[in-house]
Each structure stands twice: as structure tokens, then as C-alpha cells.
Amino acid sequence: MVVFERPRSLSPLPFHYCPGCTHGTVHRLVAEAIDALEIERRTVGIAPVGCAVLAYDYFECDMVEAPHGRAPAVATGVKRTRPDCIVFTYQGDGDLAAIGTAEIVHAGARGENITIIFINNAVYGMTGGQMAPTTLPGQITTTSPYGRNVKTQGYPIRICELLSTLDGVAYAERVAVSNPKNVLRAKAAIEKAFRYQTEGRGLSIVEVLSSCPTNWGMTPVEALRWVEEAMIPCYPLDVFKDTGAKGGMNK
Amino acid sequence: MVVFERPRSLSPLPFHYCPGCTHGTVHRLVAEAIDALEIERRTVGIAPVGCAVLAYDYFECDMVEAPHGRAPAVATGVKRTRPDCIVFTYQGDGDLAAIGTAEIVHAGARGENITIIFINNAVYGMTGGQMAPTTLPGQITTTSPYGRNVKTQGYPIRICELLSTLDGVAYAERVAVSNPKNVLRAKAAIEKAFRYQTEGRGLSIVEVLSSCPTNWGMTPVEALRWVEEAMIPCYPLDVFKDTGAKGGMNK
Amino acid sequence: MNRVTISADYCKGCGLCAAACPRKIIVLDSKAINNKGYHPASVIAPGSCTGCALCALVCPDAAICVERDA
Amino acid sequence: MNRVTISADYCKGCGLCAAACPRKIIVLDSKAINNKGYHPASVIAPGSCTGCALCALVCPDAAICVERDA
Amino acid sequence: MSQKVLMKGNEALAEAALRCGCLYFFGYPITPQSEVSEYMAKRLPQAGGLCLQAESEVAAINMVLGAAAAGVRAMTSSSSPGISLMSEGISYLVGSDLPCLICNIQRGGPGLGGIQPTQQDYLQATKAPGHGDMHLYVVAPASVQEMAGLVARAFDVADTYRTPALLLADGALGQMMEPVDFDAALSVRRDLPEKSWATTGHGGKRKKNIVNSLYLSPEALERSVLSRQERYREIERTEVLCEETDTADAEIILVAYGISARICRSALEAARAMGIRAGLLRPITLWPYPRAALLRAAGHAKHFLVVELNIGQMVDDVRVATQCHRPVSFFGRCGGMLPTPEDVLAEIVKIHESIREEGA
Amino acid sequence: MSQKVLMKGNEALAEAALRCGCLYFFGYPITPQSEVSEYMAKRLPQAGGLCLQAESEVAAINMVLGAAAAGVRAMTSSSSPGISLMSEGISYLVGSDLPCLICNIQRGGPGLGGIQPTQQDYLQATKAPGHGDMHLYVVAPASVQEMAGLVARAFDVADTYRTPALLLADGALGQMMEPVDFDAALSVRRDLPEKSWATTGHGGKRKKNIVNSLYLSPEALERSVLSRQERYREIERTEVLCEETDTADAEIILVAYGISARICRSALEAARAMGIRAGLLRPITLWPYPRAALLRAAGHAKHFLVVELNIGQMVDDVRVATQCHRPVSFFGRCGGMLPTPEDVLAEIVKIHESIREEGA
Amino acid sequence: MTSRIILAGFGGQGILFAGKQLAKTAMHKGRHVSWLPSYGPEMRGGAANCSVIISDKEIGSPIISQPDILVALSLPSFSKFEPAVSEGGLLFANSSLIPEKSKRGDIKAHYIPATELAAKNGLAGGANVIMLGYLLYVTRLFDYDELIGNILSSIPASKSALIEGNKKALLLGYEYRG
Amino acid sequence: MTSRIILAGFGGQGILFAGKQLAKTAMHKGRHVSWLPSYGPEMRGGAANCSVIISDKEIGSPIISQPDILVALSLPSFSKFEPAVSEGGLLFANSSLIPEKSKRGDIKAHYIPATELAAKNGLAGGANVIMLGYLLYVTRLFDYDELIGNILSSIPASKSALIEGNKKALLLGYEYRG
């Protein structure tokens, strides 16, 4: 009995990601959710600009490549004109939390009935390791060569906490893909985020703490340890909003 | 004994605002704060695009006119190169909470040591009364002619609540200028927001619930009543963050 | 006596001062019209003015100057 | 017997599966090198595999297929 | 009673779009075009469509990108500074070969400038509405009636060639009312290709569609740019529009589009009344540019006078089109000032006299 | 040992800016220019300056606006899509008469395109970097050494005429290393005007300063546009730069800037070796354009060949500059493809032969 | 024949509405028309004006530099446009708010205290239509019924209360004898 | 004289560093040089190469279509660039990772098992410098001391541990006799 194989909604193409990069893990979880809900035929995904820019090649559903940071606006354009489609964006922390701040906040405020998969790897991966809005205090990147100095370079942004202040956000959870248990939690969260869309609840976002071994200068195994030891303390794993939970939990 | 007169930092030019528009009231309070702290000589104000676009004519300090929504970025450019200057922005709800969302959020995240005066009048005044992100549910505007439908046009954004999630924000308070008592509270808040800057605390924002009799289609007196009866219930007056308060209050 | 001076150059006849005055001694002069087409406010019973300055506090055009005895 | 198949086409030799395997039966084959220059992972003691699929769960390249006995 | 209705240009363009099946409008308010969204906000919900006010022009153009990718007719509208903000998105629409309509109801600039009518964005519209080798199909109406008609044409050309189209007008055309006959304006309908490339969910019935502008291989990117250029050549062959008034025997040819062409038409009448052989060549498509018509005119005309509400942005296009055969001079106002027909007439008279002198 | 250092173009431009007293950099990462911010992030804090990574290109250009308003030398850098996003801000900088430096290290487009070198933003840079009647002082270096030298010149021109300047290069120039001699590059220093208009707090010592681009009265806006045009005329008179190689006796003149001029130079050597009288005219300032030099060259040359990494964006400028006296043809690649000197040589030979035939 | 009409006054006096009625009525008579408003933030409390052209031929420029007819409802608009009226042109001035008289000999000036008439007759905001009535009487641009028909058809059902007022105002102006 | 050199291999093999050493050394000898890398995301795990031109004259195009010298560290880079080497040109191939031999008769091919040599001598990542040593021995482009001096001066103080390794690697290559 096959207990684990590549999900159907994932294309057979090998990923272009670096060895050990958890973008791939999250791709698989998204494809698994699409499979589980049997929505592949009506799903439209929006790829970001970032390491996941080629995501359009990896999912077996229709895909649109959005300008850097604008995936939520592009998703709005698709969803509002094709309300029967299931629309998701897949965005990095530069894409969503820097240049795309206005778009994600307003998609949230409007309660766009879409699903956001947000990859927080504390760095700009694709462009070669610059500081992201989510870079940790003291973290060295190519544009914070002396370590992020919060006094001059600002504090990390906690996107789930920020978006939870918006009435249109139905569900916001932060997960990590740093070990098997966390991967299973992430899987459940991502599936829920898609299910909520099928139920018309509004915007769902799953923030995934992810690794970038290449730009962090670590082995893949070290990188996952760093996610747990350095990132989770700054970005606690939690459900920040869940309007579908008993009593419409709204932290 | 003169107990009340035009503040020194206000220019002698009559405002171009409509009769009863509380933009004028807030201008006066800003000028009073500048007078009280005796900072006029080193203050640089950033005018928005909105009804207050001509604010550069009304304050007796140096002024820069910013593109729509970008005042916090312009303020950053001034403050970071002239750290001894006191820099404030004066922005409407379209300017700050719509097109300028990314700029205010990131100025907050960076903890820019500037002061933000945010005029929430639930409408785009200058362009003739279109819906703003802060327009109330059901409110009729020229682009929500059937009343703002939250299901399709989104929910009001509560800026103070949202910005309070950011570590770089030192002070966030919402006030109203709807009656003499509230005006006095607003005055105190605005002065505090400037004082915090002189103390180097980071970003301070005062959100002022304000009236737009022209576009609301009300008399000035009715408009202030509407601020109290309709706006305050949606936008509660409160101190949302105050790192300078006893115990570093941080709601 | 307390004195309230309303500058007709600044006043736009919005009526907020009139609404705020606890003594109800401010009215809009419907006969006067300034060069912007507004009816400016004026104090009809200066003698009863308490100098509380509430009118000035709410005036959006900073048109009001309030002086108090000693 | 449980069976774990690692596709050399997908595998990038990141070692996450090896780290995750509770039986420690996955290693990177430092002699083999695929056409992208990676040393793919392989199972050295298939007999002790529990079919727990933890390896597959953490594999970022969806390179692992796990089959369990009935 | 005629079937004409008196309408603002901004409203007529919105109504025309709706009647052309454009049920999706994404915009952000800006003077002097806010009536477009306001009209759409009233009418589209009634028509089963959607008018969504975006958080910015950047978001608006990207919503249009999403809607166009999903295969529907969609549009946005703005004015000069807002169009600048859209330029990244516009370039992406081009790179993704997506049809849509963008309207620029120009005002004064640069920067915040002013809100009075200008034609200051001619170069931006025709040469570089975004980064990269690209064009838009650019139409420039000169009346409210034409505003409606060109909306229809722009959508058809956009759909036929998978290109965004730009309607370039100005505050005066947007704000003025004139009679419109929509039946006449929208009478021509084309056979349009199926949007088989649209991302609507594949339904298990076809391979997945990808809407994309990224080509990491320069060979592939070059191929895509060159194949788009071929479509541009086809548009140049078949979709050029221009109107000639009294050019056949004209010594002096005025070249003007949009509202300035209207002013020129008044000046022209006066010039003819004075016995000056003047004519007007009015480009209706600004890209593709009516090069052939201009070259033809250069065969007999002695002088070209370009009239625009800017500092002379179209002059070089006239020079190139006429292969520098004839002198090209310029008259215009900027910053929101409008020349009067008398101003233009004075210019014509001056040129007329100098031609006489040279001839003498 | 020479005082030369081997540096990437991106780094050399950053180092040159710093040495010119530009202590404030605001940027957002994008390939192929991220080294500019990375270099600044290392060096500026040491130099008592500031490198701030903005949340977007839109924010970056507006931070530059604030810094420029405050009277300091400030700059930003990006690549094609990021420059599109800056176009509103650029127009505001122009409208507010603020000096600053913007660098565009071009990549492929339209849209996301690719990251390989192109010259696809020539038209955007020279015709419409934003809305409104406006120009930037546009310099196009062709070597790493020139990258440094033109940064210095651009800042000086910007400060002298209160205009933003744009350095237009491409991924190849940004990424390649060559020796740089900074002392030579930065040797010329001008007397620059005081920035008495800067908003630094009036200190009670002067009237307040206002930096602004809004003029609600069209009369005032027109005046401001026209007075800026006068400064442009002055820049055209005094700040044009171009380099001619072997043009004096040339029958065929290549016109190319930046990296394509380098490729042309190699082709030129080969052509001369074959006895073909070819020359190269290299615009160094793209705006103002070296019209006079081209017109002079059109006096004796038989043919102009424009070579660019795009689909021919500069061709019309050469036509207009040469007053259509001579045929102008084009050779180029796009999408990130680079022609070889051999490709260009083949084109020269073809033209050479057709001239011979015509002559026969 | 071509008529170039400028209507001008304070924002809020119904200038644009009045101009639109003229244009619409002419359009329904099959004539070429254009209507161009001043626009923008200066409308707020400040000035408002619009240019209406009615012609037998296609209309070139919709901008009017020299009106054949000026309808001025406020003093600033009188001062601004009166000097521009073309020779032989007509001026209609709201004498309630315009204390001055035209000093030009080459135009024909008509004065009507429209604001006062409106106030006296309980027609707040009706000065614009009163002016139209007077203009109609003097110029005979249209038939009375044509114009009133068009005015009434511009009133949305939700504001049918305004019907009587407009009828009364137009008649007041039409029957006014300066 | 002009030398056009392409160095190519996997990302991570130190291709760009090696090319830079050649350029820098030539620059310090007063020659004209240019160094152009491939760049972008394909560098990640994929391929990397750079073009180095060393010349007595000013350098025109920094792009090399036909290298005089190819230094190939990986099989894909060998397959890609070997056919482009100019007639009479030189090839240096890392035979540890390139099992094939050049079939061209018009170029001179040199093979060195650089990766194995590095591994055997505890010089992880030193294959690039070993290749440089071998290239130097064959071409005599520079004096040995010039090159090693420049390599060592590129090593930041913080990584001084690398000095010995680089010395050893260059010598290994220089003394290798295929």
C-alpha cells in the first residue's frame, strides 16, 4: 500500500530550488491540499516574484505570474471575475511583507475569498540574500552586513498578527516546516485555508516559517534547526484568527 | 489677557477648506503643538495629496509636498538625513490607509522617529467624495452609491489597531475633534506625538476622526454629530500604544 | 469684560462656534456676506461672554480670538 | 516488507530525510553523483524500515515514495 | 426625438465599455476622471458586473491583469500620475499578452501638477508606457461620441491581438458633455478569437494554462519579444486611424489630436474663410501612427504645424513620418492652459505669410 | 603599482557616488544591480552615511525625494521593472526641481522578462521617465571607469540645474569587472550653487522653504514648465557628451551607446582591417542627445547603422538628428541576447556592399 | 448660427445644472451642442462656471473665450467674464448679488434680482432657473414648453418635490420685466 | 596580444574567484582586462562561468564567443563551451568530473584530475586554484609569484586560514604533469 507519493497536483518537473530548500516542502503541501479537496480543475494559482517565481511550472492547475508583491491584487482580479474558481497566492516575505504590503492588507480588509500561502524565510532568497522585513534582529544578510540593527533598519514584521486586526481575514495561522510534526501541522493548516475558501469565509493566510540554506550559509539540517531555535521565538507558531472555530475565535 | 488666538506657527493665510471642515481645527492643533514645544525653527512638515494638499501654505515651518500616500517615505528621507529636524506628516485616510498603506506600515516597522497626523474623515474629500478604506459599512459615497457593502467592498480599516502590532510604533492614539472636550484631548495627543519625537522614541501617530460636511451632505454641526454617533462606535477613541506611559503600556 | 473677536476674513459662517457657545451668544449674520459669499458669525451679547473660549476651540478657521479680564 | 523508493531524478542530496529517519537507515551516497552534481540519498537497510514516512514528509523535493505492507 | 443622450466624456466612455461587455472595472479616484468609476459603481452592479475601488493604481492595474488573465473584458481608468504608477503593471500586461483597456484622462504635470486638461503624456503613451520593447494600441478621441466609439474599437483590437489598449484623452474631453448615439458608436462588431489561453480552471478538459511574462532563457525572451513585434507590424498595417479635413489642396497642414484638433478645426474654418489653404490631419490612433497619411500629405503641403497641449511631444513623429521633407513647427500651451482658435489662427497666418515671402 | 582597482560596474558606481559626497542611498534589491545596495550597506555606515533598504522602489524614490528636499546628495538604483514603479516619483522630483541620481541597470522585458542585459529602456529614459513634459539628464557609460566618471558628472549636472539625473547601464556593465582609477574619474569638480531652497528647518534665519510640484493655477503651472524648459535648453547647449571613433572619413557610421558601443568598437576594428571606412559615434549623454555631432557626420557619411540591445529604439532619434539626410538602418538583439562583434561586422559588410553597388 | 453661452457664479448656485438644461434642450431640437464645466477643488465654495455652445454646425473648440451670452450669478463671476462678452452680446446679471452695472456700450445688459426673487417666493436655490426664464424671454432661444419639459425631465423621481419649484422659478423669470 | 579566457563549471566550484585572480594579476601588470560573470538565479546549484579578457589594447566587447582558453571544471560546461574554443586554442579540463576527451584536432587539450587532487590533499574546494596552477604552468601567462601574490591578497584577514590551502593548491597544479 502506497502511504506516501508525489501528489497528483504537483507536476512531474523537478524543482529548481536549492538542496534542502523548504519551498519544495510547501509546494507539496499545497498540492496535497488541492488533491484532498479535489479542486485542481477549478483552481487558479498566482505565482510571486521570488525564488518561487517558477511555481507556475509546478502545480497542475492554471497559473498566473504576478508582478512582485501584487499577487493579492491579481488574485482579486481572478476571483472576482471567476467566483467559482479557487484562487491562491504563494508569496515570499519580500513579496508579501515588503513591496506587497498594501495589496495583502487590502485583500484582507476586503475579505477577498482567497487563500494566501506566505513563505517567511527571513531573507530575499532569489536576489541573493538581502535583508527582508522579517529578517531577525542581528541577522547578517548582504544588506545588513553588520547584522540587522533594529534602530536603523527596523523591527521584524509579524504578518499574521498584523492581518488579524482586519475584519475581512477569516483565518490566520503560523506554522513551520522544520520537522515532521510541524510539517503535519502545516499540512492541516494549508488544507483548512483552502477549505475555508470553498466555504466562502474570506481571506485565509498560512504563514510558513521556511528555510533558505543557501543564503543563510547553513546546511539544510542546520537551517531547519535555526528555524526552530531562532525564528520560532520571534514568530510564535499559533492560530491568530479563526472565524470558523467554535465561537468564531478571534484573538 | 488673551486666552485664545491663532498660533504663531499657523500662517496668516485663510484656509481653502469648506466651511466647518475640521481639517482647519487639526491644523490649528498641530501649530499649537509646534508652538508649545518651540520647535518651529527645526520642523519640516510633509503635506499629503488630499484636501490638505495645500497644508504647505498653512504652517510656518519648512514643508515638502509628497506624492499621494508617500509622505512617510518622504519623511524618512528628510529625517534620516536631517536627524535634528522634527518631521511630521499630515495625511488623509485615502492617502495613508489606501495608497500609502505600505509606506505607513514600514515607517512604523522601522520605528522612524517621526510624527504622523492622520485625518480619518471616512471619505476621499478632495476628489469629490469617493469611498475611503475607512468609510463606514452602509455609508453612501459616490463610489458606494448603494451604501458600502462590506461583502463586496470590504470592511473599514482600523489604522491605530493595525499599527499597534508593530514594534517600531511608540505611540498610537485615536481622538476626535467633534466637541470642545474632544478637541482638548486631541490637542494633548498631538503635542505628545511631537514630544515623543523630540525624545527619540520612534513613530507616533494620532488618528483624528474628522468631518467632511461637503461630501457627507451635512451641515457642519450635523457632521460633528455624525462623527460622534456613527464614527466613534466604529473607531473607538483610545490610546492603543504608548511606550512612554508608565510600564511602557503596549496594548 | 471678556472679549471675543471674530475675524470676518477667516470666518466661513460654519456655525460651529454658535453651537458650542454655552451662553448661546454667537449667531451667523444672515445679512452680512463676505467676499467669498459666507455669512460671518458675530457675538450678539458680548456682555454675557464668560471667556470660556469653547467657541475658539472648535472654530476650524482659527477665526476667533478670546480675551479675558485679568 | 515496507518499501521506500528515492527518485534520483528528484533527489538533491540535502540530507533532510536522513536526519528525519528514526531508524537512521538513509545515507547520502557520496560516490554517486547525478547530472546536477548532487549525491542522492539511498536506504542502506531496507529491512529495518518501519514505513513511518517521516523521510517523505520532510523531503523538500517530493523525491520519496513510501509503500507499507498491507 | 433622437436617440442621442447628453453625457460627459467620462460617463460615455464608461457606458460604452459596459455596452461592449466590459463588466469589470478596477480603479482609483483621481481628478479629472473620477466620474468613470462613479458611473461604473452605479451601473455595473445593476448589469451583473463589478466596480471595485482598489487601494491604489498599482493594485488596480494588477486586478485588471488578473481579470484579463481570467478571460473577461476588464478596464481601468486614471489620470497622469496614476498612469505612471501603473507602468510596471502595464508592462506586465504586455509581456503576458493580455487584452484590456486603460484610460488616461490627462491633467497637468510633471509631479502633482494641476488638474486642468493637457496632452502631456503623448510620449509616455506612444513610446514608453512601461519598461521594455513594447507598445499599446493608443486611441485619442476628439469628441464624446468618439470616446464611445473608440472604446469599442480599442477592446476589439485588444482582444484580436492580445494587447492592452490605451485611450488617451484629457480633462476637457472627460468633463464636457456632448450628445452621444451609442448605437452608432458601437455598431461595428468583429469576430473575435476565443480566449483559450485564459486561466479559468482547466476543468480537466484541457492542459493547464499559464499566463506569464518571465523567460529566464534570453533566447526564449527574444523570441517572445520578436513575435510580439510581428503582431505590432500587423496592427500597423490594419488598425491605423486618422481623419483629414481639407488636406487635399492644403499648403499648411495642422497636425493635432484630441481636444487640440477641435481647437484647430475652429481655427481652420477661420483660415479658410481668409482664403488660406490650410488643412487638418488628425491622428486618431497615436500608436500605430498615421505615417503613410502624413507622408502622402508631405507630397504637396508646404508646412506642417503641430498643435498640442504640451511642449511639442509629437513634433519628431511628424518629422519622421514626413521624412523631414517639409518644415514642421509647433504651437501649444501646457500646464492646463488651452489655446484659443484665434491663437492657432494667428500662428497659421504667420506661417502663411512666411511661405508667401519665401515664394516671393 | 597602479592606483587602479578591479571592480564590478555596480560597485564602482556606488564607490564613485560615495566619493562624490553622496552619503544617502535608498534602494530595493533587484537583479542585476543588487551589488549597488550591498556595497553601500557595507560602506556608507563606515562613512557616516546611511544605506536604507526601502519596502519597495516606490518608497525608495520617495525617500530620495525627501533626502533631496533636505538638501543632501542622494541616490537610488534599480533595474527595469523597478524603474517603472518609480516613474510617478521621478516625475515629482522633476516637478519639484530636486537633484538626485537614479541608476537603471537594465535587464530584459517587458514584464518580469529576464535578468540578462538589454538596452530596452532607452525610450523610457529619454522620452518619458514619468508623466508630463519632462526630461532627465541621462548618461550611458560604456565601461566601469566611465561608470564612475559619469556618476560624478551626473551629480554635478543635477545640482547645477536642479534636475534628477539618470545613469542608464545594463546587466553586463553592472556585473563586469574592469580596472577603475577613481582619482582620474572624479577629478573635475564644479562650483555648485548653494541649496538655499532645501527644507532643513528655517532656524528662524530665513523664510520658510516649500518643496512642491502642485500649481493649481494653470498659468502658474505653465510658467513653471516653461522655465524648466529653459533650463533644458541650457543643458542641451552645455552638457552634451559624445565620443567619435574614426568618424572623420567614415562612409558608414555606427551609432551605439553603452555595452553595444563596446561590441561595435570590436566590429569597427575588424571592418577597418578589411579596408571598410567605418566609424563609431557613441552618445554618452542620451538626453540631451548629440544632435549636432550627428548632423555634422551626416555631411559626409553615406549610411548610419544603429546598434542596440532592443528592437531599434534610438533609430528615430538618429533620423531626426541627421534630418533624414542619410539612410539609417538598425541591427540589434533583445531579450538579453548579445550580438557578437562578428554579427555587427557582417551587418557593416552588407551595408558596405550595397553602397558599392549603388555607387556602381 | 452659433450661440456661445457662459454661465457663472458661486459653487452651489446651480450653474452647471442650468447650463445643462440649455444644452439638452438644444440637443433635443437637433442642434449641435457642447457643455464644458470648470472643475476641480476650486469648485468647493469658490467659483463655478460652464460654457455651452449651441450651433447648426459641428462644434470645434468647446472652449469659449468670448461669450455671446453671459449669465452671471455672482459678483466675482461678473467681474471675471463681463469684459469678455463679444461685441453685440448679451449679459444677464443677478442684481441681488451684483451691485455693479456693466459699463460697456457695445453689449446689451439685463439685470434681474434673481436671488431676492427666489427668497421671496420660497424658492431657495432657484435663482439659476429664474435666470434661465429671463434669458428665455429675452432671447427666445427655445419654446417655453421645450425648456420646462427638459428641466422637469432632469429631476429624478426621488426628488419630485422639486417639480413645482422649478416650474414656478422658470415662470417667475420668464415673466420678469426689468 | 589578446587572450580570451572562459572559466566554467558548477556554481560553488569557485569559478568566478579563479577568473578574477587572472584578471587582477593581469591588471597589476598594466594590461587591459575585463571580467564578465554569468549571473542570476541559474547560478544556484546550476552552472557558473566567467569570461576574462587580457589585452594590450583597450577592450571592446567583454563578451567572448570563441575563447582562446577554456577552463572547464564540470561536464556540462565542457559540453557547452568546448566546441566554441577558437582554432589553435587551449582547453583545460577537470578530468575528475569530465570523463570525456575533446575530439577536436585543432585545439590543444590538457586534463587534470583537479577535484581528486584537491580531495586527496585535503583541499576541499581547491580544484579551481589547482586548475589555475596548471594553466599557469602551461601558458606562462604570469610569473608564479605574481599570481600567488594576487590570490593571497584576495583572501580577507578573517579567512587567513585559507592562505596555506591556496598556496598548496596552486603549487599542486603548477607541478602537475599530465
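Just so it is clear, A, B, C, D, E, F, G and H label the chains in written order, and each chain counts residues from 1 on its own.
The rule is short, and it goes like this: a contact is a pair of C-beta atoms (placed from the backbone, for glycine too) under 8 Å apart; a residue touches a chain by one contact, two chains touch by 3 or more.
None of these values were measured; they are calculated from a predicted model.
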item	value
Chain B to chain E, fewest steps along touching chains	1
Distance in touch steps, counted as few as possible, from chain C out to chain F	2
Contact-richer chain pair (by C-beta pairs counted) among A-E and F-H	A-E
Most distant chain from chain E, judged by the mean position of its C-alpha atoms	D
Length of the line joining the C-alpha centres of chain B and chain D, rounded to whole Å	58
Centre-to-centre distance between chain G and chain F (centres being mean Cα positions), rounded to whole Å	55
Chain C and chain G: spacing of chain centres that average the CA atoms, whole Å	36
Multi-partner residues of chain D (at least 2 other chains)	12, 38
Residues within chain H bordering two or more other chains	40-41, 45
Set of chain A residues in contact with two or more other chains	18-19, 53, 65, 67, 98-99, 101-102, 105-106, 126, 133, 153
List of chain E residues in touch with chain B within their complex	28-31, 34, 37-38, 41-42, 45, 50-53, 55-58, 81, 111-112
Contact footprint of chain F on chain H as seen in their complex	20, 23-24, 27-28, 30, 32-37, 39-41, 58-63, 65
Chain F contact footprint on chain B (complex, rising order)	40-44, 46-47, 53-54, 56-57, 59-67, 70, 73-82, 84-86, 102-103, 105-106
Sites on chain A touched by chain B in the complex	98-102, 105-106, 109-111, 133, 150-151, 153-158, 161-162, 165-168
Residues of chain E touching chain F in the complex	58, 80-81, 83-85, 87-88, 91-96, 106, 108-116, 120-121, 123-124, 127-134, 212-226, 229, 310-311, 313, 316-317, 319-320, 323-325, 333-337
